[in-house]
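Have a look at these structures, which come just after this line.
Shared between the two complexes below is chain A, which has chain B as its partner in the first and chain C in the second.
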Partner chain A sequence: MKYSIPKFWRRKEGYYQIILTKCRECGKVAFFTYVRCPYCGSSNVELVKSCGRGVVEEFTISYNRVEEGEEYLPKIIAIVRLNEGVRVVGELVDIDLSEVKEGVEVEAVLRRFSSDDPHGLIYYGLKFAPVIKGA
Partner chain B sequence: MFRVLCVPRPESLTGIVGWGVYIPRQRVKADEIASLWGFEKTLPKALWIEEKAVASVDEDTVTMGWYAAKVAIERGNVDPELIGAVFVGTESKPYAVKPSATIIADALGISKKKLSTDMEFACRAGGEGIRLAIALVASGTIKYGLAIGSDTAQASPGDVLELTASSGAAAYLIGPAEESVAQFEGVVTYVTDTPDFWRREGSKYPTHGEIFTGEPAYFHHIMSAVKMLFDELGLAPSDFDYAVFHQPNGKFPLQVGKKLGFPKEKILPGIVTPWIGNTYNGSALIGLAKVLEQAKPGDRILVATFGSGAGSDAFSIVVRDGIGERVGRGPKVEDLLKRKKYVSYAQYAKSRRLYIRNIG
Partner chain C sequence: MEVSEVYVINSALIKIDRHFNKGYKELANEVVSEVISKSGIESIDLVVVSNMLSDCILDQLDISTILMQNLGMTKVRTLRVETGESSGLAALEAAWMAIKSGAAENVLVIGVEKVTEYPTYKINKVYGKVLDYEVEFIRNITPPDYAALVMKAYLKKYGLKREDLIMWPVKMHDNACRNAYAQLSFGITPEKVLTSMVISDPIHLLDTFPLGDGAAALLLTSGKAVSNVAAEPVKVVYVDSAVSAQFHLREDLTRLPATAVLASRLKEKFGDKVFTEAAIELHDSYSIYAYIILEELGLAERGKAYEIVSELEFVNVSGGLKARGHPFGATGVYQVAELHKLVTEGFAGRKFDGKYAIAHSMSGPDYNARVALLQKLA
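Up next is the complex of A and B:
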């Protein structure tokens, strides 16, 4: 599957890190970047990086065959509640289909999303994997 | 020749501030590979290789190096903005041209004002990265330097290398000695032009120079580097508590240690290859991490890398106070060794793209 190289480059920070908006007025945190707090409307907000840890809340298994992306199938797509309290959607890796369940502790890991083989760009971004014991 | 004793060696101004390791979850048994390709049943045992780690289809040198480096930074509790150099030692770059180091650095939020490059010297480029980071920190050019060794090692299916060639990464955050938990006491490197192993531009898999792989390459270079280190520091094997060597298989490090005068008990704590395979640039550096995670303040560790082509870096490292607390800040090598899922040769072949697909 062909990605737009400029689009990927512009959004790179959001693929490499989980950026959150924290409101200095009401204290709430929202996923991704806002100039105004989506809860109270205040513009007194700051951007913070998530620690990347959370738990699986819900998940689904995707068998959707994307041309040239077949080797990544099947994909587990999960809703993860981050330790900061917000919910994000991400792919779950390093876990068997039989092991996926609500409450599994996960951490964000850098993986390949896709690659324009054999000559194009390789696209990296964060997915979620079960926390390695001791981590 | 007289040694000058009153001038400190520059490397002694530096030490290991943090470290991290990554081993992929999948394992394939060496017996299965040996049986599939018609090797003698006794071969895996003779090489002391039981199973090897296999990176998933979405993992590569960049993603594994990223994880190891992330843990190294967390262990060191250092602001990524203060890291002035990122070196990635690898012989399995995802891109032939385009650095892996810049992807890892950007993804970790490391300062844009930095040195950053991928280095190639078969399995010892990661060791050279540590030497460069030491030099930059010792000279005051940078405060912290990150040296990563990461590989998804390639082996032609059916080649004896396939029994061991595996995937994994290690990262070391080098900084001022006083902030470190393991101080460099001395470092030397010994390199020559030796035709033991190579991969030509455009070749998918490496080739080995058969009789050159043992004595003239691995043993000669490691022993030369270690003896040089002993001479320069006035040390002997009895002065060391641990000895870690590059591990192309489980057998070679025990043999080279014995030749140098180390008892097996000082070598075994750093052995990892029998259970994860030869992670190339990760090999000796994962062994060192495993030793750091069990060492006590005051312990002296010998580390000798090896890379074909050929060369070896020998390091003498003295463990400092605070090591135990820093071990607890991230996953240990033991945790990563236990985290595993056995896969078939077919799954390994898919994960490492040993097939040809009609794409592009």
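Up next is the complex of A and C:
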């Protein structure tokens, strides 16, 4: 078993949709579900759902070989500016390496991250894919 | 209450290498034996062991206890310190606080890391755990990916070309040629940097550190005990550390926030020239970080660090993480051992007579940063 099941289950909300932590003290918003505001430390926070869409601000094409991650290489790691104005770093999929550029509109999609082969669990999470125009 | 002063009275290190024939116990024993012999210290109150990966790589918890059992030092206080890649300086921080507080007089700091027990791709995996497991690691983000994004942001902000940032590794390899303890003691050409394998574009293999095993040790003592020892003591004036925000929460990727906080705190306490008057070992895990660290410490103007690389005489005399090597938990201890030698007997063919020596270390993209300020007694 590569991953803890409770660990995944507990965070499923944040792994299957983009959840933002909004601070009622300082007003800042951050990607991911934090127990306190990562900017000011206040516990007066609420979790809000992101629309899951944004724009690629920066990216790297990575060949860094990591155990059990080889099948996903090369991978694209991008900084996405969500429509809510918040930055998130994530993997970019369903796009040719030659077509990746700043400004590409993307949306969060559910994809496989890993699995306990051959009979174990499959772990899903969010990656980003280009928005299909007209879809 | 009077606080004790803290001194390094001896240091030891081994060549960083793929020591396939030796385990962490043998590596640690070599530096412990050397650092204690001829030190004039008769009893040690505390041993602080720095190690980053024992849980993942050595299948060993409580490595400080097991190490003491194996070194026949069962009556001593001991603890392990782990703060990712900066663990070595964190161990010094703990030792420094113990002596400052009066809780200990003689403290042994050991940094040891054994990474060649497994192939590189396995070490790459566990190394990624210096990032937030739930937010970053599990979503396939690795440390070189962040270094690549920082480098791209830096090039964009200052209108530079990738080729402008190739001299750091060349300089580090050149320095390492004079360091008998360096893992990569050979020269490289600027062309070689860009023709080496791409790790995370635009970071190439020669922008980053090699994997190797290492061990280093420091013997520290209080002001009370220092007069009894023969060696040339070097004062540990100050040790500080800070934490910075996670990567995706940073708007300006060309800054290293924790390092910036430490730089301003050190300048406030010891004067604006503290870094310019010092020999420095800094944490160049990826060459882009070296340029930004130079800027955060005030040694270069923003966006212009690449222009002064060739002039840096006493920065990373060891060859840095790039060429000396980066045996994770041992690295900070290496830095301090190298600086201790540099200001006393000389190191890597050089001797430094200036006022201060400063070690800078960090983990991941500056998730935590640490500095240690050393001063040779006049």
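Things worth noting here:
FYI, the second predicted complex is superposed on the first by the 114 of 135 C-alpha atoms of A that agree within 3 Å, B and C clash if a C-alpha of one lies under 4 Å from a C-alpha of the other, contacts with A are read in each partner's own complex, and residues count from 1 in each chain.
Operating definition for what follows: a residue touches a chain if its C-beta (ideal position, glycine included) is under 8 Å from a C-beta of that chain, and two chains touch if they have at least 3 such contacts.
Small disclaimer: the values here were computed from a predicted structure and weren't measured.
On the shared subunit chain A, the superposed partners chain B and chain C are arranged side by side without overlap.
Of the two partner chains placed by superposition, only chain B is touched by A:P118; chain C is not.
In the superposed model, A:V89 makes contact with chain C only, not with chain B. Touch criterion met: A:K7 reaches chain C, while chain B stays clear of it.
Rounded to the nearest 10, the angle made at the CA centre of chain A by the CA centres of chain B and chain C in the overlaid structures is 150 degrees. Between chain B and chain C, the partner in contact with more residues of chain A is C.
When both complexes are overlaid on chain A, the residue A:P38 reaches chain C alone and has no touch with chain B. By the touch criterion stated above, A:N64 is placed in contact with chain C alone, chain B being left untouched. Superposition on the common chain places the nearest Cα atoms of chain B and chain C 13 Å from each other.
Shared contact residues of chain A with chain B and chain C: 68, 72, 113. Remark: chain B residues 25, 56-60, 62-63, 66-67, 71, 94-95, 103, 106-107, 109, 330-332, 334-336, 338-339, 341, 350, 353, 357, 359-360 touch chain A in the complex. Within the complex formed with chain A, the residues of chain C that make contact are 120-122, 124-125, 128, 134-136, 138-142, 144-146, 148-149, 152-153, 197-203, 245-249, 251, 253.
Interface residues of chain A facing chain B in the complex, by the touch rule stated above, are 12, 16-17, 49, 68, 71-72, 93-94, 96, 109-113, 117-119, 122, 124, 127, 132-135.
Every residue of chain A that touches chain C in the complex is listed here, in rising order: 3, 7, 11, 15, 30-32, 38-39, 58-70, 72, 75, 77, 79, 87-91, 113, 125-126.
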